[in-house]
Amino acid sequence: MRLYEFEAANLFKTKGIPVPRQKVVETTEEALSIAGEIGYPVLIKAQVLVGGRGLAGGIKTVSTPEELEDTAGQMLGSEIKGLPVRKILVSEKADISKELYVGITIDGYSGKPVVLVSTEGGVNIEKVARTSPEKIGTATIDPKFGFYPYQARSLLRKLGLSKRLLGSCADVINRLYTLFTEFEALIAEINPLVVLPNEGLLAADAVFEIDPSAVSRIKYPLPDRFERIENPMERKGKEIGVTYVDLDGDIGLISSGAGLGMASMDIIGKILRPGNFLETGGGITEELLYKCMELVMMKPNLKAIFINIYGGINPIHEGAKGVVRYIKEHQVKIPIVAKALGNHQEETWEILRSAGVHVVTEAATEKAVDRLIELVRKR
Amino acid sequence: MSILLDEKTRVIVQGITGKIARVQTKWMLDYGTTIVGGVTPGKGGATVEGLPVFDSVEEAVKETGANASVFFVPAPFVLDAFYETIDAAIKFIVIVPEHVPVHDVMKMRSYAIENKVFAIGPTTPGILVPGKGKMGIMPASMFAPGRVGIISRSGTLSYEFAGILSENNVGQSTVVGMGADPIVLANLPDILELFEKDDETDAVIIVGEVGGEQEERAAKYITSHMKKPVAAYIAGRFSPQGKRMGHAGAIVRSSAGTVEAKWEALAKAKVTILESPMDVSYWTSKHGFH
Amino acid sequence: MRLYEFEAANLFKTKGIPVPRQKVVETTEEALSIAGEIGYPVLIKAQVLVGGRGLAGGIKTVSTPEELEDTAGQMLGSEIKGLPVRKILVSEKADISKELYVGITIDGYSGKPVVLVSTEGGVNIEKVARTSPEKIGTATIDPKFGFYPYQARSLLRKLGLSKRLLGSCADVINRLYTLFTEFEALIAEINPLVVLPNEGLLAADAVFEIDPSAVSRIKYPLPDRFERIENPMERKGKEIGVTYVDLDGDIGLISSGAGLGMASMDIIGKILRPGNFLETGGGITEELLYKCMELVMMKPNLKAIFINIYGGINPIHEGAKGVVRYIKEHQVKIPIVAKALGNHQEETWEILRSAGVHVVTEAATEKAVDRLIELVRKR
Amino acid sequence: MSILLDEKTRVIVQGITGKIARVQTKWMLDYGTTIVGGVTPGKGGATVEGLPVFDSVEEAVKETGANASVFFVPAPFVLDAFYETIDAAIKFIVIVPEHVPVHDVMKMRSYAIENKVFAIGPTTPGILVPGKGKMGIMPASMFAPGRVGIISRSGTLSYEFAGILSENNVGQSTVVGMGADPIVLANLPDILELFEKDDETDAVIIVGEVGGEQEERAAKYITSHMKKPVAAYIAGRFSPQGKRMGHAGAIVRSSAGTVEAKWEALAKAKVTILESPMDVSYWTSKHGFH
């Protein structure tokens, strides 16, 4: 679960990581009042859950109430990278003497947390990593023993950070690591960690993503994890427990397993245009596939539906019943091609055929996609 | 010999009294797997499919001589059960459940390494040795005995590849689902190593996917350690990428993790690239693998 | 730092360990009011920092307000094992269907936490451990990986606890372990953990001792660590950073190091009676030894003072100056024997002799004690 | 050869810029110890007694070839510095500070064991090899070279015993302060093992004290592994015991931890019991140790 910048900043505050004076607002009036308290110039930052916000116009400096009214008015209700801006953060504009980068994530291969630090923080950090890898300090952490202050100091020292800043920066990194483990984060990032002219520090932007599988056991009042998903179909997907990604095309897709779903898209995508990606995860039931049909059919103007499922956890004919029930109840007219293999597959095929689904019984998805293309072209 | 699962493997099913586990236990038994019992804390004394259920892994091991375990334990309890299983001296564990918290998986990896335990998953369909047995949820109908090994990051794609091979009369020595999580307990090279040593495997198919760096690491391993022929399919060439936040992930990986980057790394390691799943049957027939 | 029962119980509550309805009071009036709220019969429990309180009359059941007035009145201001009772806990008297024991401590030899559980809880637990060790379950914990619920369940199962209680008891043990690590305890104990007739659980007594070296970094409003030391000399000892134990005899003792202090007592104790045990710890300074003299001299009617110190951390003549300053300022008349060896020892001897201290220059403490005995007998 | 500290030992002093550490560094140098530098984070570039000070152990090791470290680090920072030192590949560490939190010491023990590091302390006066060198705070005047080893739980009692021996012209091979804390990084048997193997040690004196079970464990070790003669003094026979709370400590220990219990265990292991410190000189002269 991703946190908005202002939510992550609040979390930082609880652990003593210094953040700018700032407040999140939903109206221009509130923005004016907060800016008045903070004092101009202030930053206006769109609260959207996507990277690259700055370059997309989601962060502006305003120097007067008039400018603020214009900017906040424009920003609230606009879209940044396709996401609506409902909230903006009005934030103290700090004097920047230096920008550092601090990031913590998990290295999937070793299964260990990795702490990344750079004295070249800011929007170009990935470029820095590619072109001047020596400017990024990396420490792989043994989760058995945790992260120690000396490791942070050592990273910073090797990057040439001055002795005066070393202690305070190491302290921030250690606090971030504590948050990372306590909140079971997948990523925790401060970029930039601003060094002020007086050598104070400010976490001027915050990225924090909590492992969705761990959210329920975290003892902290976290916001609702579904509410924040902007696309209604993607939100419904999360609610029913499947992964749904909305796409531009017109072929509905239901697959069991991300790998099979991706392979299906790869094969379909050579000729046709998938309208979504949907993978059910394990444990297909009648109810789940009924809901998947509902979800896929929320998208208007589909030309066909492609179902590619295997019965692993559960016998596959249960799911087939859900598909058929939806077809019958809603009198679906577009062609549906299904490849459904695994336990109880013959029964499954019979059920699907009873509702006019085009069943392909071979293993290779290519053959089912051939059938799909044929049917779409016929229409 | 197959890898990891053979005639000497005596399996317990953890969480055996759950609805799904009961069905899967029957299917594993039907497939010929030597299941010797199950564990569900608080349900000791019950039976499932005629098998004794124990309250603890320790008792199960003592009473049945079990040496392997397959998990159908609810995700929040997997970590605890994993420690229990390792402390009961079981050396091969298959973690079927999905949604195990990532920070738990990190601890599990540490503990498994410290105790020299081989574990696969989480979010794995498990392992299947055609005609001999299976631990996990792979649907038996897709598989046939033979001499080609399959390792797949995706569960269902492992069925797909086995299915295509079986339809083309190419059998499998062992099919391993690595697990679809961002961190898994056994990495691709760990499993490749077993296939390289297995005298019943002639060739290996890697079924990978976009993201992470398993395939890139596998390429390195293959270059330096493998003599057997390897082919690889990588799913996700046209997949939409999620809206990314933060930079840490991109910085930490040595590779871009794209399908193209993986192809390049694997091709350098003389791995045959399969652009589409069906290509696997051309590859096997061309080389006469069966 | 040891916590009073009521403090430990409050800590337990924060972690969801069930404790009886109870409140600590300092007067009989408050006790009456609380007992009225709880409902008779209630337990009256003296809050003193010593084990074996129950057998020493520190826990009483009262069934009426009259009985309570008598009992509380007697208990408040009385002494239990030499410690004054300033506070009493008025506590719900639970129906007991079974008493369990749960204790966590550190095994000094392996350097690992040990969890102890028994189904035979209560005041006789140590006897149970000696006579029926099979009734005590023990788990040594790897601090790298922590304590897992299955370990608690496994201990309880082997003791024959019923399945219905297993889960809830394991839960309490796990919560206690969390407290143990978070609060850096040396010992955490629930004895008894009462099983109620409805199979609910209550932590009916609580022992909790926090590592004094860790107290300052624990983020929890802990009570003052010195205030609770009843003996004024022992309290002053803690305050100046030395270990002082008040004893019955009349020979004052100042030693550097617990081992040397104990050896001194062993040798002195064969003939004379030490009036205290005092060990300075490392880092003897002029100031510290001056204060040690002050502290030792707080005890009236001493016959002599025996100083047995080595200069390790600091050169020893610094400490000698403190002794001499005290002697001169306070015109000490009783004989003082000193064995002081190590860095700058010759200078030290000179300084000490200048104030009439009897200096022994040989290493063996026996020889210095011989001199002490001689001087005491002379008087 | 002495144990742990010899001609090849190149020592750094951690926390070298502290007031006490400066004095002690001079004394260690005066005694002939090969001190090659010091570490205090933030004070890199300074010098103490002509020795270079580094910001990190890693740099110190790189620049000086140090292979051992003695800690004068304030107690709250010992854990961090200990990890740093081990990660810099130093294999012998002496922890002088007292008041290191016990839960930190548990972690330090784990980390030392995992990394095969020999460490003594906390709350140890250190180690001294008469005439060769010392790491820690033992006052040089008490010691003389010879062939009797001393291991002491108490710092000052180790000086006392060495002093008594020296006065009686019995020298010491190595004197080790184990550390006075309830948990220490090296236990009594760990150090006995080194003395048993040391060809410059003819006999060993254990200076123990009431409480814990170091001496009982040592007795077991001596019975099964030691050929060299051992004598033991146990302080605290008439010491007041603190007001005990709780039962866990009493239950967990196999022994009562009293002086009498320790005497019994040691006597069974054929260890000579020294009832009073001075008895040690009768023991050495009787057997002709020097």
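Order as written gives the chain letters A, B, C and D; numbering starts at 1 within each chain.
Following the convention adopted for this analysis, a residue touches a chain if its C-beta (ideal position, glycine included) is under 8 Å from a C-beta of that chain, and two chains touch if they have at least 3 such contacts.
It should be emphasised that the depicted structure is a prediction, and the values quoted were computed from it without experimental measurement.
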Legend entry - Separation of subunit C from subunit B in steps, with touching chains one step apart: 1
Inset, instruction - Moving only to chains each one touches, count the minimum steps from subunit A until you reach subunit D. - result: 1
Legend entry - Furthest chain, CA centroid comparison against subunit D: A
Inset, instruction - Express in whole angstrom the distance between the two chain centres, defined as the mean CA positions of subunit C and subunit D. - result: 27
Legend entry - Centroid spacing, where centroids are CA-atom means, of subunit A and subunit C in whole angstrom: 53
Legend entry - Overlap residues in subunit C, where contacts from two or more other chains coincide: 144-145
Inset, instruction - List, in ascending order, every residue of subunit D touching at least 2 other chains. - result: 107, 110
Legend entry - Chain contact graph, described as a line, ring, star, complete graph or other shape: other
Inset, instruction - Would you mind giving me the full set of chain pairs in touch? - result: A-B, A-C, A-D, B-C, C-D
Legend entry - In the complex, subunit C residues that touch subunit D: 2, 49-51, 81, 83, 101, 103-109, 111-114, 116, 125-126, 129, 136, 138, 142-144, 181, 184, 186-189, 191, 207, 209, 211-214, 216-217, 245, 247, 255-260, 262-263, 265-267, 269, 277, 281-283, 309-316, 341-343, 345, 362-367
Inset, instruction - Mind listing the subunit B positions that touch subunit C in their complex? - result: 41-42, 44, 55-56, 58, 79-81, 83-84, 107, 110-111
Legend entry - subunit A - residues contacting subunit D, complex: 145, 148-151, 153-154, 157, 163, 166-167
Legend entry - Contact set on subunit A toward subunit C in their complex: 144-145
Legend entry - Parts of subunit D lying in touch with subunit C, wherever the complex brings them together: 20, 23-24, 27, 75-76, 96, 98-107, 109-110, 114, 123, 125, 137-142, 152-157, 159-160, 162-164, 166-167, 180, 182-184, 187, 207, 209-210, 212-214, 217, 233, 235-240, 242-252, 276-278
